[in-house]
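Labels run A, B and C following the written order; every chain starts at residue 1.
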Amino acid sequence: MMKNILAAAAVFLLLGVAVYASFFIAPTDVKQGLIYRILFLHVPSAWTGLTAFFISFLANLLYVWRRQPRWDWLGVSAAEVGLAFTTVVLVTGPIWAHPVWGIWWTWSPRLTSTFVLWLLYVAYVVLRTLIEEPDRRALLSALFGIFAFIDVPLVFGSIRWWRDQHPQPVVMGEPGAGLDPIMYKVLLFSWLAMLALMTLLIRQRYRLEAMRGDLETMQQELEVA
Amino acid sequence: MSLFPNALVLLGKELRTEFRSRELLTTTVVFILIVMFMFSITFQPTSDESRQIGPGLLWLAFLFAASLMLQHCFLREQHNDTLSALRLSVSDPFAILLAKLAANTLFLLLTELFLLPIFALMYNVSVVRVVHWLALAFFLGSLGISIVGTALSAISAQARMRELLLPVLMLPLLTPILIVSTEVTKALFDRAPYVRWQGIGFLAVFDVVFLTALWLFGEYLLEE
Amino acid sequence: MTPPAFSPVALRFENIDKRYGGLLALRGVSLTVAPGECAVFAGRNGSGKTTLLRIAARLVRPSRGSLSFSNSSCDDEKSPVRPGFVAHATMVYDELTAEENLLLFARLQTVSRPERRVEALLEEVGLSDRRASLVGTFSRGMRQRVAIARALLHEPAVLLLDEPATGLDPPGVAWLAEAIRRLRDSGRTILMSLHGESEISSLGTRAIRLDAGSVVADTRTGATFRSVLTFADA
């Protein structure tokens, strides 16, 4: 209990420093002004989301191989946390795009890919709600998770390829490419803070899932007895 | 090594059951026909507009039709628990999936073969000159749809709300196929048709990647 | 019945658990079925009979424990024992004819000279004159005959029968009892689940009772045999 509170406190401290750095240490962008600072939330969220999906993918593989419930728990926890971070990306994107591009949403390759990524993992979560029996749910959702993650580079690749033929009017540069070195450092630090938050969230979500699994077992044992 | 002989025997069974009733093929063709007709009367595209939106519409229609058609490939096996009989009989369960995906690819190609001339007439697009390239693109695209669709229909058949679940699982996974097949087809429908090699290559890569994944993980899809 | 193309096989369940989520369908089942034995499993619905048979067929993998077949003459690694399985469902296609069904499974199992084998089996189960009819048009009893023929295609040394008499009329049951008797006498190891006593249960050489996933009674002697079979139903 104490350990949890300490871990949470450490994570929030890191996040606090990251927020402070994004607002007061990183210099203001000449062209975009203040709004560009949302970058320090937007970009690290995207990276963190992908990291969480990768963890989920590894857990899915391990489940198929070892068939231990804990890999199922880790798989679903990481996928849901990844989904949360990806949602942040999809929400902060338009908030930034509206003042800068003048529109809320555009089917730019990056947004489109992120949106498809988001849909893939929403489908994963939906699938899990539709299978009752825990072992079957674990196995089938793990397999879907594996297929979904394999699909990610193909989605990004196809959309990028498609974009090459239809250039969008305004496309953000490669992240970090044209950035001021201080901005770049702040960005990396924000990512670090986000990764810490991700770890904390996955850990909590995993404990919840583990308790749920134990509860299910106890309930059914009671019914038999 | 009885994988391919087994798959061949099973493919024969799939084709025999389908061609005995032809229910699946007729219904799918009618479905796509209706979708194409609806689009045509809603937007009344000119010949140039059809070249732009036609390919996308065509592939969307194929994708939706496939998501309906593929429902049945494992539900059929549940009816008398024939899937268990197949699992008991084959030495490699991948043979079951291989036969199903071959049959599904074939069924999709057959509907496409039937619909392409109708599409060309309805939308004023000339396809005669590029028909061999179209065949290649349609083959690679349909193969990709079938590989992913067969795997996912094995999943959705074991869940609730399966009719709705299959498209939910399948369509996002197949966005790459939708995008690239559409672009390749668009180039072939152009007034001065050309072949998008990059796209053809991408479709081939997609097929190989997912075929490998299915080969590695397919047997678990059929577990009880 | 054709002379046995197999050597007798024993089955060994070792400490098998099968968990469906939180539900333990089987708990710690350890059992050895000797070669040529005809074991009858009794127990209420949900006692784990079907699960045990499906594990023996290797359709279901146990959550814990192991299943092994011991065959004195052949190596299990090289040519694994493939039990013949008759389940609740017929496991044949309604939209194919009896002959097509059997040919399909014979070819999948790489039975040598499939046409001949199918011909002989159709004769044996008494469906020769209906071979070209779709199984979907058959009565329940005729379907069960096709199901049994399918299980026997590859002359399995082990037979697993999950309530094989379901849906059969009295002549059908008599036919089935006769068929099982011949199979038993040919030295095959048979595991079957049954409801209560019948002509078929009297063929058993051993009665095993399951309750809530555990073996609660197991006997080979005539006196207690009947009580093990009928214990909860009485």
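The rule is simple: contacts are C-beta pairs under 8 Å (C-beta built on N, C-alpha and C of every residue); 3 or more make two chains touch, one makes a residue touch a chain.
Remember, predicted model here, so these are calculated numbers, not experimental data.
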Graph class of chain-chain contacts, one of line, ring, star, complete, other: complete
Chain at the geometric heart of the assembly (C-alpha centres): B
Pair sharing more residue contacts (C-beta pairs) when A-C is set against B-C: B-C
Interchain centroid distance [CA atoms averaged], subunit A/subunit B, Å: 31
Chain centre separation in whole Å, for subunit C relative to subunit A (CA means): 50
Distance between chain centroids, defined by C-alpha means - subunit B, subunit C (Å): 39
Two or more partner chains touched - positions in subunit B: 223
Subunit A, residues touching no fewer than two other chains: 132
Subunit A - residues contacting subunit C, complex: 132-135, 216-221, 223-224
Residues of subunit C defined as touching subunit B within the complex: 54, 57-61, 82, 85, 87-96, 100, 104-105, 107-110, 150
List of subunit B residues in touch with subunit C within their complex: 2, 5-6, 9-10, 13, 16-17, 20-21, 79-82, 84-90, 223-224
Footprint of subunit A on subunit B - complex, ascending: 148, 151-152, 155, 158-161, 165, 168-169, 172-173, 175-176, 179-180, 183, 198-199, 202, 205-206, 209-210, 213, 217, 220-221, 223
In the complex with subunit A, residue positions of subunit C that touch it: 19-24, 63, 212
